[in-house]
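The chains carry the letters A, B, C and D, assigned in the order they are written, with residues numbered from 1 in each.
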């Protein structure tokens, strides 16, 4: 069991963004987190990444209790994460961005640079190596973020809508990239709206609504689950059907 | 990356141009005096006033002024008689109250402008650094008004100070209190309120020390940060202690504020003595004359009766600045005269000769424009005959009330303050 | 009895601190931006009052309004010509912009008005009220009372009027405010005008009671920071409460420990505050 | 020995080495020394303010401690002032840690304000503390008791000592830039949250940067007080001391290796020139100029002259140097 979140809750004042959510991920899995906006996916995701400390519950990663560890401790332990809104180092070049990640495992300049170049190669950013991050578009920035996290040699990667807002061709490439990363032995948890990503990549899916897990299982089952559809399309759709018949 | 060379060359050229322009042509018969004063920054007002005083003094020396009588040296003649009527030329620099700038400018005056003697600095911090440079290069330095004791106490042989220092003032006050006690006035305890920079601290320390010798108890000593917005705390502390005499050592704004606040908080001590500076500032009387009747002040400068030499000098100063000569600028002017007299007696611009002449200076009271008992420098360079009068505000003017032999008006004790 | 006198004096001074600090906290609340030249605005308010009294011979009401209006205009101009562009720039240029402005205003005032301390000639407000043995000098009293009224007025304007709500909307969420048809640039320019205007009036009120010179701006600036930090960034009522408290602390510490320590205690309080409770008494985190 | 490649670095070094031989007049030397001092303190500030983006406006606290230590050792124990330099550095490191831990929790304006308040707190306290000469300050040895007092008649020795210190500092910064520490500094400046997610120990790195910056700022302070032979609260901890460091670095280009050097190269001669031309007249034009320059930098060219130059320099040339 690589990652286990046990009855994790997070309250802002009296409002419970996440209520007693459970998650367990084995080494080598790809797990999807889905749910309408404001269902608590991102908050739960931030708890896993160490950005926010859960109010209750425990998070264990590879046997270590990470519940209230700092984000940098999470990264050192091997949990990499990307951001919903890409947070690349705008004034630094692509190479320099990835090197910041590479330095985590390789303190020496040359090793870090070599790993960075390889990672850039892998993620298809070779042509922009010496360009500043701000010259990349959103897809390029998302790809750079993935490259940067990959350079920290994580055992688990948390992707927060890293594949949202891409054109069909870009999406294909991105999915190919994620699959390539997975094949290198990295466990992946994806938060996503784009169903195509969830269906093609995830082997297991959790659905969130109002802060707690309402369904989990194979993607095909969860997508047809009543509660999940209700969560997405809302209660009203029944009345609509009745009126039309 | 050749851009650095371009930038570097441009900057170097600018520097070169800046100073070659300031290179005056060397005239044989001109004696150059470099003067360092704070012409900007928070002491700019005093710097500007002293600058005007020095310019009046140079006019008196360079041009014949028979109307000023024969006693004031170099007045009736044009230029320096012993040097074939050589003229004095002043070179002013503004150290903005910054000690390291004062050091840099002193170096510039000596090496670049090739001045023969130096004068100035006003703030003691700037006097420290500037006099150190003069000592290194062997150029006479006349300290015009800085009060800190050890400016002349560091074993320097090129530094002279014409103005009285803190211990002179303290002894004067104690002698005055002694006289008052003899006349039956109640002087059982005094209070000192001093701003906490070098001026205020050195004078206050000297007073505390002299008071101990004269066994006059100091009820309270209140150091405060200059030009703070509110002084009621200090006045209320005084009101609590009720001393017989309060001595204020403060700059202009605070002096005015103390007088107003004392009236507002209905605190009327028997006597208030202002230690020059703020109380002598031309803006003091118009601001608080009606509230501070009978306040005493120390000053070695008295405008004197119309027709007297001092009155004429004050007229010349007033023509230039529109204001009366204040004590600080007058002390600077007196030091300037003493310096010019020494150069004249030396008969040359050779530093060693000038220094020698300075050590032999022995000006008599009638040769002075100030109320000193003379100008004579001891081996540390301090004028041991510097003294000061005590004056009191009567209506809109300070009048000389002590020592008795020079008094022009009767002492009013206790002071009236705002009560008519 | 003396203690009561010290307390009253402290509160009156504190009220003036509150007035000009409320201007600073308004800007901070709205734009997460500190105006390091705020003290200079107060100083300019004093000089405007002097000019009005000298040239036009106006009374306190006249020069009070003149100071407020002229500083309002300056505030708007500063926003439109400098701050608007700097807001989107790096942190360094945000801080440098108002620092440079402070130096520029202070030393231009040096140049124009020279370094001498000046004070307003005796205006109609003078003398002292004796209320039950406690002496309240009229200038400070008037200044303190008006300062409190204006600060409350500013607060009411912000919370009760339409313009006020628009100002707060922009500070909450600039993007959303734009969607609602509020023009953020105009609102922020207005905020800078109000902030500078408040500083101007505070300057005029202080000019009645205290002498000043171009360099007083620096001490007012630092005092305003402390008041804003204690009161909570962005909260005008917080600034009012904090202003009174700081005035009180300064007066008491000066009386008990000696005037040198009043600034030390205030700054120490400020530094402790920034660490322990950055959002201050009533500010939003 | 191999002829050093003609790069701007070697040209600059050569220029600075021979400057005192061309402009040998003591006054020019004094400007040269003032320039070097300004470049050292601005470059030291640059490590924290430029590279890491933590805009400290209170670096005078380290400069002042460094300046007081030598003269305190001389006044209290009659040691040679330079013996006090290590103490200044140690005090500054302790202060850096004490101040760094709490203030680095703050960001942006908060951090700048906290640094101003701490520097002011120390300045006022030193003004009331008799051990350190309170408001009068401390003086160094007027005349040298020996070579170790470093009270030279001419400024030449100071010039080369200061040049050596500047060279060490720039070399160290150059090395940092290329090491993990330098990358982490720039990452913190670009985005703390992102940096943390990549495992950058942000607080620890910030403290280390502040300590390094404090060491060299303190050294600059010590060199100042040994050369000037005088220090008081205003010239040691005054806010203008901190502001000058910030302006010089920002004018040249904060976060760039040669930024502070270029800034000092322009600002110091300019400041001395305006003081010579207008200073005598007493209009304080120097500070109006200062204020004007800063506003222009902030408004039009936050990246400083470097970024301006990179934008207008010929395209081909810039490609070679973009590494």
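Everything that follows uses one rule, which is that a contact is a pair of C-beta atoms (placed from the backbone, for glycine too) under 8 Å apart; a residue touches a chain by one contact, two chains touch by 3 or more.
Because the structure is predicted, anything quoted here is derived from the model rather than measured.
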Chain D and chain A - chains in contact with each: none
Chain pair, B-C or B-D, that carries the greater number of C-beta contacts: B-D
Nearest-to-centre chain - CA centroid comparison: D
Averaged-CA centre spacing for the pair chain D and chain B, given as whole angstrom: 36
Length of the line joining the C-alpha centres of chain A and chain C, rounded to whole Å: 48
Centre distance in Å when chain C and chain D are each reduced to the mean of their C-alpha atoms: 33
Sites on chain D at which at least two other chains make contact: 124, 127-128, 283-284, 287
Overlap residues in chain A, where contacts from two or more other chains coincide: none
Residues within chain B bordering two or more other chains: 40-41, 44, 48, 196, 223, 225
Touching pairs - complete list by chain label: A-D, B-C, B-D, C-D
Residue ranges of chain A in contact with chain D within the complex: 49, 51, 70-72, 74-76, 80-81, 83, 87-92, 96, 99-101, 103-104, 107, 109, 112, 130, 148-149, 152
Of chain B, residues touching chain D in the complex: 1-5, 7-8, 11-12, 14-16, 18-19, 22, 39-41, 44, 47-48, 51, 91-94, 96-101, 103-104, 107-108, 110-112, 124-125, 128-129, 132, 135-136, 148, 150, 154-156, 196-198, 200-202, 223, 225
Touch list for chain D against partner chain A, complex: 178-180, 183-184, 186-187, 190-191, 193-202, 322-323
Complex contact set, residues of chain D against chain C: 49, 53, 55, 57, 102-103, 105-106, 108-110, 112-114, 116-118, 120-121, 124-125, 127-128, 239, 243, 246-247, 250, 254, 283-285, 287-288, 290-299, 302
Contact set on chain C toward chain D in their complex: 28, 32-34, 82, 85-86, 89-97, 99-108, 110-111, 218, 222, 225-226, 229, 260-261, 263-264, 267-268, 270-271, 274-275, 278
